[in-house]
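Two complexes come next, and they have one chain in common, chain A, joined by chain B in the first and chain C in the second.
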Partner chain A sequence: MCAVAVTGMGIVSSLGKNLFENYQSLNTGKTGISTPEILQTNYKDLPVGEIKINNTRLSNDLGLNPGHSYTRAALLGCMAVRELLHNSGLSEFDPGTGFISGTTVGGMDMTESFFDQFSENSENLRYIQAQHPGFTTEKIAAYFGLNAMVTTISTACSSSANAIMLGARLIESGRLKRVIVGGTDCLTRFTLNGFNSLKILSGETCKPFDENRNGLNLGEAAAYLLLEADEMKGNRPAIARISGYGNANDAFHQTASSQNGEGAYLAMKKAIEKAGVDPVNINYINAHGTGTGNNDLSESVAIKRVFGDHIPEFSSTKALTGHTLGAAGAVEAVISIMAIQNQEVFPNLNFSQPIRDTGLMPETKLHSKQLNYVLSNSFGFGGNCTSLIFRNE
Partner chain B sequence: MNKVFINGISAISAQDEDIFDTGNFQEFSSSIVKAKDQDYKAVIKPMMLRRMSQAVKMGLYCSKKALTEAGIIQPGAIIIGTGQGCIQDTEKFMQSMIESEEGLLAPTSFIQSTHNTVGGQIALELNCNSYNMTYTQNSGSFESALLDSLMLINTGEETTVLVGGVDETSPAFTGFQVLDGQICKEQISGPDLLKKDTPGTMISESASFFVLDAKKQEKSYACVRDVCLKNRIQKQEPEQLILEFLKSNELDISEIDAVILGNNGDCRYDGYYSGIQEAIFSKTAQLAYKHLVGDNHSISAYAMWLGARIIAENRIPEAFQINHVTCDKIDKVLIYNQYLGKNHGLILLEKP
Partner chain C sequence: MNKKYYIKDYVILRQGRLIRNGEVLLEAGNPELKDFLRKIYKSFGMRYPKFFKMDDLSRLGFLAAEILFDQEKPEADTALIFANSSSCLETDKAYSKTMSGFPSPSLFVYTLPNIVLGEISIRHGLRSENLFLVQDRFEPTTMIDYSHSLLNKAKASNVLCGWVDLHNTDYDVFLWQIAASGRLEHNEEELNKIYLPE
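After this line comes the complex of A and B, so read on.
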């Protein structure tokens, strides 16, 4: 059993630039999916979950000097961590605070912008190091003066879920007393073209778990949680606790999920075992549910294998946020905690017909429900599958 | 708390593995150095081999060798540290995207571009459903992976972990590192690299993998006692970082028999090492390795390979030693590395 306290959080996504705006959108079922305006791409009609604030405005908001080398993912990350600090009840982060960030593309937005121009203009050289994801993490850490343990996890779309799991384990082991965990990813032409080449982008807003689903929408976001050992927390309230986690590998294919959802099944099972609860105690699943043919079927099969006849209420919120890749696990951790705080299940948009082979029905309407345990799934390329369980304080 | 034994090792670098025995090393005429080619066909099917990037090939090869040596078929976890990840495939996809102006693109290089491709491919090859993690934090990538491994074994969550550090080079991305001064303009390798007084270093490819186990074997190389990762310190602070790390392990500086340092000839940052070389380690056998195998974001895994063999064989190969302190009995080895003054890592090895 695990019971690491979550004492603060922050988010910026296509649903809004803070917790309040994100909650408003979740509550009204207002999607953040639009067409690209800030991302410079030929695919002007492909739906994306884009944050409609450009880098200049983000930089100004954060008070960064022109000539800085923050990538877009770093700018978004700073926004989310700043909100986390504000609502954590702390005035600043103490020097021992760790920082663990999950990301897939890191600063690839800068690499793709300057690829042909590095040798021409020496001003661009400051972005050369942005190619490796740790650079983006370090930028966020530097903004908040976090000099202690800083690391990055890059396991594709489960990156930030894994960052949360590592944070919980570091607190449990006593190696850290306080750690900021989560992830950030921005839209890039690299990922948009990549997923497009795989033919798994939908031309409309995605339809998770629907028989006629036809692909995912990429999104961008940053979301972070503050985890603390109880002795550090003092009288400040925990907004939720991490009570279980599990990671497993599907070991089936570099990008596709197995038919029996083995990796997803094992991840959920491990998380439930770690939480020390009976599966019937899980009140809600925030599913990975990307809206691709392959993921939603495989995840449905895995959910049925874990829960048998007692399938908890579940929904995918990706038709609201888009699939924010490395940030998705943290975005959905924040959404799961909001669900617990408000005792509400958020809707799975655009669903009309269950998948023929599994017949699972996601929740399509916002409704109140007693939520004690919420399970959140995040699966990624390389067969990487992670499940987290949050519980009501 | 379970101890962590190194029961299998394998390393690929710009030098042959037998550099440890023969002391023979190659010098290079370029400051970007490829890893020595291996007999990859011996362990990887030719069909698969053709599609694999250097990092995947090296990772898979070292994994199999280390697992075989330790007599392990399925590890309880696969944990990878890689700074640049699969930059060859990333570069390939980015180049075709830019050249075609977002035209019709083949997905293969995109699929293989994610940082966790090496870990995923090892899992696929071993048919291993267990815990699988990939860390990428510049020169702290391997230390992050090692820290995760130690936590898993120390707490008894897992008994066997396959952990490795791997990095490859690619023409354009690695080339950019010449432009911003990470790679030196001079073409110096060997002992002279450490003596130069200019910025930049020699960048290379490497992979070093280890099977860590809670159970001691007769042929266990060494124990990994602890690891520490610190993002940023000042040039005068490594001494304090090291002393605090040793203190938390109830050790005194005099108990360290050999220290493996990350000197890479970059005059801007080798000062992080020179202070401790002259002070706390003045009576300790000092080693360096980057003059022989170059530098990259996960090269400290190579230092751990070196440290493990030094403890197992109780011998310091001359090619690596950079001072004249002799040492009869090597029980404890400390590894210290940083890159560009950031991502400082400490690894403590001891006799099993």
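After this line comes the complex of A and C, so read on.
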């Protein structure tokens, strides 16, 4: 079965500013959840997965001139794509390289800070367009001189999973030979207040799949994969392959998942069919597992429907990274590939008691395991559910 | 693949007028958007309490879809391919105003344009393909390519396409369904003719 090669990746998250630091944190179970220091908010005590590098330091690191109009998500995105380039074995991106980026917050960090000043202060007018999520993508593309197909996907928390799926399809259909896929999102007051108003933020580090889970922690991150057609890859190694993907709409509620997890069920089923394997071949699931009452129950029900009596080992890594919204699918794609590279299952923190109705037990300890197929779930508001399957090369 | 498709039927909501397949079904002067929306809801005898929880962008898309699905309910694999230029900016602004007091959860959930698709999917139980594009202006080429590709690959049996834009108080809605046969060919020229009549 032909599957699309992943030949490079990069990440910056609250777990660290590169792959190595992220792996160290995953390996030692060290959470990236803290309280806001860089995000200016009244909610000083709400736990978040914040990257402790401010925009000035990010800009300096990237060699940007003062007066640039990069949003925080663009700065984080540039960091992750730069790392991807370094470890891809390429010296630069060739002109045909596509760029598909998922985001849900886009540049709202800038518009929410400057909106009230736009009419008086002309200095920040350069950020007006930042409200459009495509603005952030274009900035990252400009930094690397990417001007082939450049597009943005914004489907809430499945955005970057959908970017990966689109990229894989473009490679399979021969439309592109090489494409950078993933996503970026930063913390903002807009989202922190919004999720808080929905009463789905936890006041402590989240407890995915625990009976007493009480909400999620927002996070910020950028993560990207390089996908290539085999003819472009040459002798360079593939670090993993994307063998399956599926997307379905839950058609239930604007922000909540259905009781029977229909959208999640359909997405996983489609991905497994596409991969051409039996469900028993899936060795590990990196679950969406946000830590909200609704998601974890619905996802558990969907997992049981797909896998029956043979539930694969699974864990949610969101108690480590926080829920990075549009970037989550790509963050967890990187984590899934790290799991395959190291043949290790990463722990689901803060779990003590299974959900009464479903009884599923996530993996709570780091351990070695033969991983050939890893499934990663990402479900977004609007009912947009996506599953990806990564295969060991 | 050059298989031809046709425009089955369409709805336009613009300047207080509701037009279906060229026929003006409702002419409401130029009322406030909220009044216009309520009038359509009432005149079609709709009963769907969730309508009143929606933001204006969702209401526009929802009503237009209801009018098209009035005679014939959509197949379960009807795809939804929508676009606009102002995304959900109106609701973004409204929600962000509430942030200085009590941030509104009911507004926050609508700060994503694809929620329009979610509302239509919920109404008709559609777990099908859907896409919401944000473009500079009405430019149907992408929607045509995308929907034909879905039909050719049998990923959908029917496609509801739509332009649902709301900016300040200006709204502009044009929804259409695609069919395998019909009078008007589904192409850029015909769509532009309907969208921008002389």
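Here, the second predicted complex is superposed on the first by the 391 of 393 C-alpha atoms of A that agree within 3 Å, B and C clash if a C-alpha of one lies under 4 Å from a C-alpha of the other, contacts with A are read in each partner's own complex, and residues count from 1 in each chain.
We adopt the following convention: a contact is a pair of C-beta atoms (placed from the backbone, for glycine too) under 8 Å apart; a residue touches a chain by one contact, two chains touch by 3 or more.
Note that this is a predicted model, so its numbers are computed, not measured.
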### Task
With the two complexes overlaid on their shared chain, look at chain A and say whether chain B and chain C clash or fit.
clash
### Task
May I ask you to decide whether A:Arg169 touches chain B, chain C, both, or neither, giving the answer as first, second, both or neither?
first
### Query
More chain A residues touched by chain B or by chain C?
B
### Task
Tell me which partner A:Asn147 touches in the superposition: chain B (first), chain C (second), both or neither.
first
### Query
Of the two partner chains, chain B (first) and chain C (second), which one does A:Thr41 touch, if any: first, second, both, or neither?
first
### Message
Just to be sure I read the superposition right, which of the two partners does A:Phe20 touch: chain B = first, chain C = second, or both, or neither?
### Response
neither
### Query
If you stack the two complexes on chain A, which partner ends up touching A:Phe135: first (chain B), second (chain C), both, or neither?
first
### Superposition clash, chain B against chain C - the stretch among 183-191, 237-245 or 291-299 that is involved
291-299
#### Entry: On chain A, the residue positions that both chain B and chain C contact, one per complex
104, 108, 112, 115, 131-134, 154-156, 189-190, 193-198, 248-255, 262-263, 266, 381-384
#### Entry: chain B contact footprint on chain A (complex, rising order)
41-43, 99, 104, 108, 111-112, 115-116, 118-119, 125-126, 128-129, 131-135, 137-138, 141-142, 146-156, 162, 166, 169-170, 173, 175, 189-190, 193-198, 247-255, 262-263, 266, 380-384
### Query
Okay, in this complex, where on chain B does chain A touch?
78, 83-85, 87, 90, 93-95, 97-98, 101-102, 104-107, 110-117, 119-121, 123-124, 126-138, 140-141, 144, 147-148, 151, 154-155, 172-173, 176-177, 179-180, 182, 229-233, 297, 342-343
#### Entry: List of chain C residues in touch with chain A within their complex
87, 89, 92, 95-96, 99, 102-105, 108-112, 114-115, 117-119, 121-122, 124-128, 130, 134
### Task
Sort out for me which residues of chain A touch chain C in the complex.
104, 108, 112, 115, 131-134, 154-156, 189-190, 193-199, 248-255, 262-263, 266, 381-384
